[in-house]
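Please go over the structures that come below.
After this come two complexes, each holding subunit A, first together with subunit B and then together with subunit C.
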Partner chain A sequence: MAGLLRRPDPNRRAWRVVLAVVRRAVLLAVLLAVVFAAVELLPGDAATATSERGEGEAALAERRHLLGLDRPLFTRFWEWMAGLPTGDLGTSARGVPVAELLGGPFPNTLLLGGLALAVTAAVSPALGCWASLRPGGAVDRTVRGSATAVLALPEFVVAVGLLLVLSSWTGWFPAVTLTGPDGGVADPSMLVLPVLALAIPQIGWNTRIARAALADESRAPHIETAVLDGLPRRRILLHHLLPGAVPAIAIGVATSTGMLFGGAVVVETVFNYPGIGGVLTGAVTDRDAPLVAGVVALTGAVITGVLLVADLLRVRFTGGRA
Partner chain B sequence: MDLTRRRFLWAGGGVGAAALLAACSEGGTSASSGADSGPPRKGGTLRIGALGRSGAVIRDPHGTQSNESDYLIISLLFDTLTAPGRGTNTAARLASAWKASDDLKTWRFTIAEGATFHDGSPVTADDVVWSLRRLRDTPAGASRLPGIRSENITADGAGTVVLVSDYANAELPLLTRLTTFVMKKDTKDSELDRAPGTGPFKLDRFRDGNARLVRNDRWHGGAVLLDAIEVTLFQTPQAMANALLGGQIDVASNVGPVAARIAAARRDIQVIRRPDDMAMPIVMRTADGPFADARVREALRLAVDRDAMVEQVLSGYGTVGNDVLGTGDPAYVGAGIAQRRRDLVKARQLLRQAAFDTSKTYELYTTEDIAGLAESATLFATQVREAGVDIKVVKQESAAFWDKTWLKGDLYTSYWGTNDSVVFFASKTMVSDSGQNESGWKDPAFDTAYRKAIGAADAGERKAALREIQRIQHERSGYILWGMADGIDLAGPKVRGLPRLPGYGRVQLERAWLAS
Partner chain C sequence: MSSRIGLLLRLAPAALLIAAAVAGPWLTPHPLDAPVTAPYGPPGGDAPLGGDQLGRDVLSRLLAGGRELIAMALFIAVLVTGISAVLGAVGALRPRVGRVVERAADVLILLPAVLGILLITLSWPDGGRFAVIGVAVVLGVPYAVRFVAGAAAPVAASGYVEAATAGGERLGHLVLYEVLPNLRATVLALFGLRFVAAVYLVATAGFLQVGPQPPAADWALMIRENTAGVLLNPWGVLAPGIAIGLLAVSVNLAAEALAPRTGPRAVLPL
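So, the complex of A and B:
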């Protein structure tokens, strides 16, 4: 018990943060190496994929040389990595700087993913709490049942369903996202369907987590005391149960970030959303390793960042208890 | 000149959703596709969707455009020397006239009167020469301007450009149709984004493959009616179809037969069919291998059920082929050669005569590069099984196909988007020394007929040679051309004057207008 009461050494805590950052950065670097290697393993290469009919072997060889494809994979990867700290993401197979190619789409995807994350973070705990008010009641069963149902749905199915109901049949929202003059989404109403398509499966998942975390917490001794004291349910929920469940909920939402980016590729395609999903699918077709790696680096950095924040939040809330 | 590769797939589920949609919308006949009624009206902004991938956007008019959206934007901004036309396969564009020397080697192109760049400066022969040389010096230059060396492109005064071919070529103007975009002399690569063109529209803004273009009031080719055109890049045909059905765009360019079937239930949507748009031939290797015997190839051509192919693979949006490529050419013989029909008895007989090993399984390689291609292979395999030939379809990933199978395989599917010239296919894919001889075909009689056709100054002589090219091709080439797919555009109720030509003819939007 005495250990728990002692204030943690601030130096040690800073070290832990640095270590966590380094560990995640190394993981990201390994991931990028795997991505490079995976693109290499696909049949064909960037030179053939971006050529047109009628280019002879000589032209292809020249293109290969220009793209540096005649050098070993490791050298190419290393050079690409060396540029990263300066913000240089390399050049695509079509000769355009990767940073330029992602400059428009990446913020759009961030907006889409960020909004979906915000919706998830707001709705899931609320639903979880609502269900927890009367454990085993009608609301609880409905919420848990539908949460399980939607978390099993692929984003694609959700997207197409939303498209049919909220656009084609009712005409409430635009079916497709158009790009505005500034490269962003032309109209905010165009965000509704993609955000919902992305958020709904995650809401299902996180509602389950929130409900379970609250149930766990309700078995804690101080809650039983509160119940025995005859405090109102609502008060118990908001003041006693929820704070204890926050770390688990935060981690759940944070892990959703990765799923959101994965789902974004699919959802963006369905709604023609001008994000990195389209860039990524095209880059894979073009065997464009720097472009694929650029997308992975940016999304990986965001996911890493969110997970790190969640880690720190957990440490803060639990004070090292977990 | 080339069809750039297109790899847009109908991702499964979207089609399902679209079909569902169709089932839910009310029935009815399709709108009369584009009755150009009433006097053309000036003004309005046409919102058009075209396929593309945002990571593959190319701004260079002489680059390798794999995005239809890029090609559309570029061809509205820049003029080519000549263009595909109606009734003739080579119509005037930036060049108003052309004339050959008696030996058909030297061609003189006259630049159109009053042609100016968007910045007001006149188009000179120097600009054209610089642009053509730039095009010729690209990696694919040799196939874009075959037989014309860079140094043989010269200016004669301010208004004439002279091209000298290494050999007699009566079809040389045909080569200048699709990629000879003209820029100002000495345009730097770094300035391509803003380079002034000479085309019917000027660039207003461009962002990530989407663009807004405004009318060029001084266009040499006549009055342009639309105020502006907004081009939106779509990653998939189904998203594009949804945008059209939802009224977010006015035209869905080259959207395909599935979308057309859906739209057929909507009275307010025009379905525009452009015949002879896409050839999807099956290629049999003639040089060696199991199909080297002409009788085997004949047998397979007799085994295919062409009507069923058009009906099932193209949803009926197409026409039956007769194993001769270049069906959109005014010189295409068509009825001049008897239509080959399914004859399983004769097919079996030919296979026996050729001692074809029917106990073996033969692989047919295909890709999903374009809609319907893999389906055509599967249906073909089912059909020829009835003639006793066992074919297994192998779906290859696009890059692997172009790398390993194309030009080399024994049996594979191919596709071509330039179909309005018999000579184009002859020169590109069938003459013995052609660079893209897909079936490894070497036929002296065919070569002779080809040389006659491109070397004939006399129209009658040329016509006879062209007939001979087609007759030999029909009889013994390595191609099974079972049908031709229509190009399909969808348009909203107000759009008028859309192009009806196959292939890249679809980008000629300068005569389009919007009814009030």
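So, the complex of A and C:
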């Protein structure tokens, strides 16, 4: 693929890679600081949230001390941030390490989100290409119309629709996810509906981006030359248009990661999937802010990773330029 | 003229649906809080959509359940559009402000909106719907500012804005009287997109039960409450699901119709 492109100065490219990594790391650190501040500065803390009815001030103060809430804000912030790289996500309102609570569910959510991301990344460019083969034709209009229709649907609405059609009425896929002895999903067929519910809105979103990126690219002069040379449409699409559209498509899919994680929380609730969705619903009842902050830290790290991959793809496909 | 009729036709479904949801609470055939059928009662008799988990009339709750969702989404969309129209124009006139907003958007893209809502409603237990509105505004503004700033950049660089700047006009005057009046199409399209995003967020918050609380009639809450009885009376889930789906799709089509043909494309995550 790179053979098609002009090779830029390798030093410049390496510098751009380093710059991209540092930039993403700094942005993640800022997000974590904002999250910590939001949890600390808003009214209510973990000690009062988990208190029993009629519990005295003394008992509250003691639990504050146990949870370390009586120490200066900056000290606690520093300890939390310093602990993150070592995998220490702090302590939940009930006194259990957050990392322990998330150790089982988080990989399950990662699997669900990862599969949905893979489906999105495979289907959206394919649909975009298919629509691009005959601009303005029936396929193009159908693909663009349905992409626009589904991109705004909340995941739980898609999930409930799939549940009714593909589970209750046809019985093709199981309606709930059962957990195997290892804490994972008991059967692969149980992943189909949650993955579809997550991926369908994102496919709508990214198909539009892919279609638009291909349309922009088709205005480039070298494409006009290829068309005038009489190359077959398919060849022009795959060898000339698509490589130029890859950075835009990659950024689009990468920004879907956040939506996928947010949607996963909701979809897991519908299908009773053993991921962070269940942990978070419990956290809502317990008002367990440290637990939610831990989930935000982990998802933020994953999203940073995916965005970094998109950055690196851009460096690879545009070299040292732009 | 025919393009104007076409535009009206594409706006009509959203307008009709919103009007129906606003008028709905006055049209309910049964009280919202008293059972009229058995729990998860099937459709029939004077309950054409059957009953919910407590036997309350699904049709009445459907009619009543959209107004607050739409009102909150509208309020969020107005706030986000207003704030980001001004900030976007300022960002185009003052590049330093623009860069700060750009960095803020880079940071917030790492925080899924659903997690943001959970985080804020947990840290601020009495926040209720204000917490949801607050998060939606804070998370929505940075992307929207990018959208406006992109459209405002050529306007800010145009001759008459330079002339006004040279004439010693203040920033506020430049934003309100020179830049924004030229961005009407962009701002209108932005409002449509932010309304779509707000419907998504408010509905999802309702589903996660951090927005409206039972026994409120709310489409998202209805889906959550009635999923357990979906085999007995699917309409308890289907009817509000279709309502939210139609709202999202029709508002999205209306936003598409409003978008300027040559303006910046709608690239903003929800």
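As a convention for this text, the second predicted complex is superposed on the first by the 289 of 322 C-alpha atoms of A that agree within 3 Å, B and C clash if a C-alpha of one lies under 4 Å from a C-alpha of the other, contacts with A are read in each partner's own complex, and residues count from 1 in each chain.
Everything below uses one rule, namely that contacts are C-beta pairs under 8 Å (C-beta built on N, C-alpha and C of every residue); 3 or more make two chains touch, one makes a residue touch a chain.
Predicted model only: the values in this text are computed from it and were never measured.
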- State whether A:Asp182 touches subunit B only (first), subunit C only (second), both chains, or neither. first
- Where does A:Thr281 make contact in the superposed view: on subunit B (first), on subunit C (second), on both, or on neither? both
- Query: In the superposed arrangement, does A:Thr255 touch subunit B (first), subunit C (second), both or neither?
  - Reply: second
- Considering only touches as defined above, state whether A:Arg211 meets subunit B (first), subunit C (second), both or neither. neither
- Item | Which superposed partner A:Val157 touches (first subunit B, second subunit C, both, neither) | both
- Message: A:Asn272 in the overlay: touching subunit B, subunit C, both, or neither? Say first, second, both or neither.
- Response: first
- Touching A:Arg63 in the superposition: subunit B (first), subunit C (second), both, neither? first
- Query: Is A:His240 touching the first partner subunit B, the second partner subunit C, both, or neither of them?
  - Reply: neither
- Task: Mind working out whether A:Pro174 is in touch with subunit B, subunit C, both or neither, as first, second, both or neither?
- Result: first
- Go through subunit A and flag every residue that touches subunit B in one model and subunit C in the other. 42-44, 49, 156-157, 160, 163-164, 168, 269-270, 280-281, 283, 287-288
- Partner subunit B, residues of subunit A touching it in the complex: 42-45, 48-56, 59-60, 62-63, 92, 94, 96, 101, 104-105, 156-157, 160, 163-164, 167-169, 171, 174-176, 178-179, 181-183, 268-272, 274, 278-283, 285-288, 291
- Complex contact set, residues of subunit A against subunit C: 27-28, 30-31, 34-35, 38-39, 42-44, 49, 148-149, 151-157, 160-161, 163-164, 168, 205, 209, 212, 252, 255-256, 258-259, 261-263, 265-266, 269-270, 280-281, 283-284, 287-289, 292-293, 295-296, 299-300, 303-304, 307
- subunit A-facing residues of subunit C, complex: 103, 106-115, 118-127, 196, 199-200, 203-204, 207-210, 220, 223-224, 227, 230-231, 234, 237-238, 241, 244-245, 248-249, 251-253, 256, 265, 267, 269-270
- Message: Residue numbers of subunit B touching subunit A in their complex, please.
- Response: 2-5, 7, 11, 13-14, 16-17, 20-21, 24, 53-58, 63-64, 66, 139-140, 142-144, 205, 207-208, 210, 212, 232-236, 239-240, 242-243, 245-246, 248, 397-400, 402-404, 428, 435-436
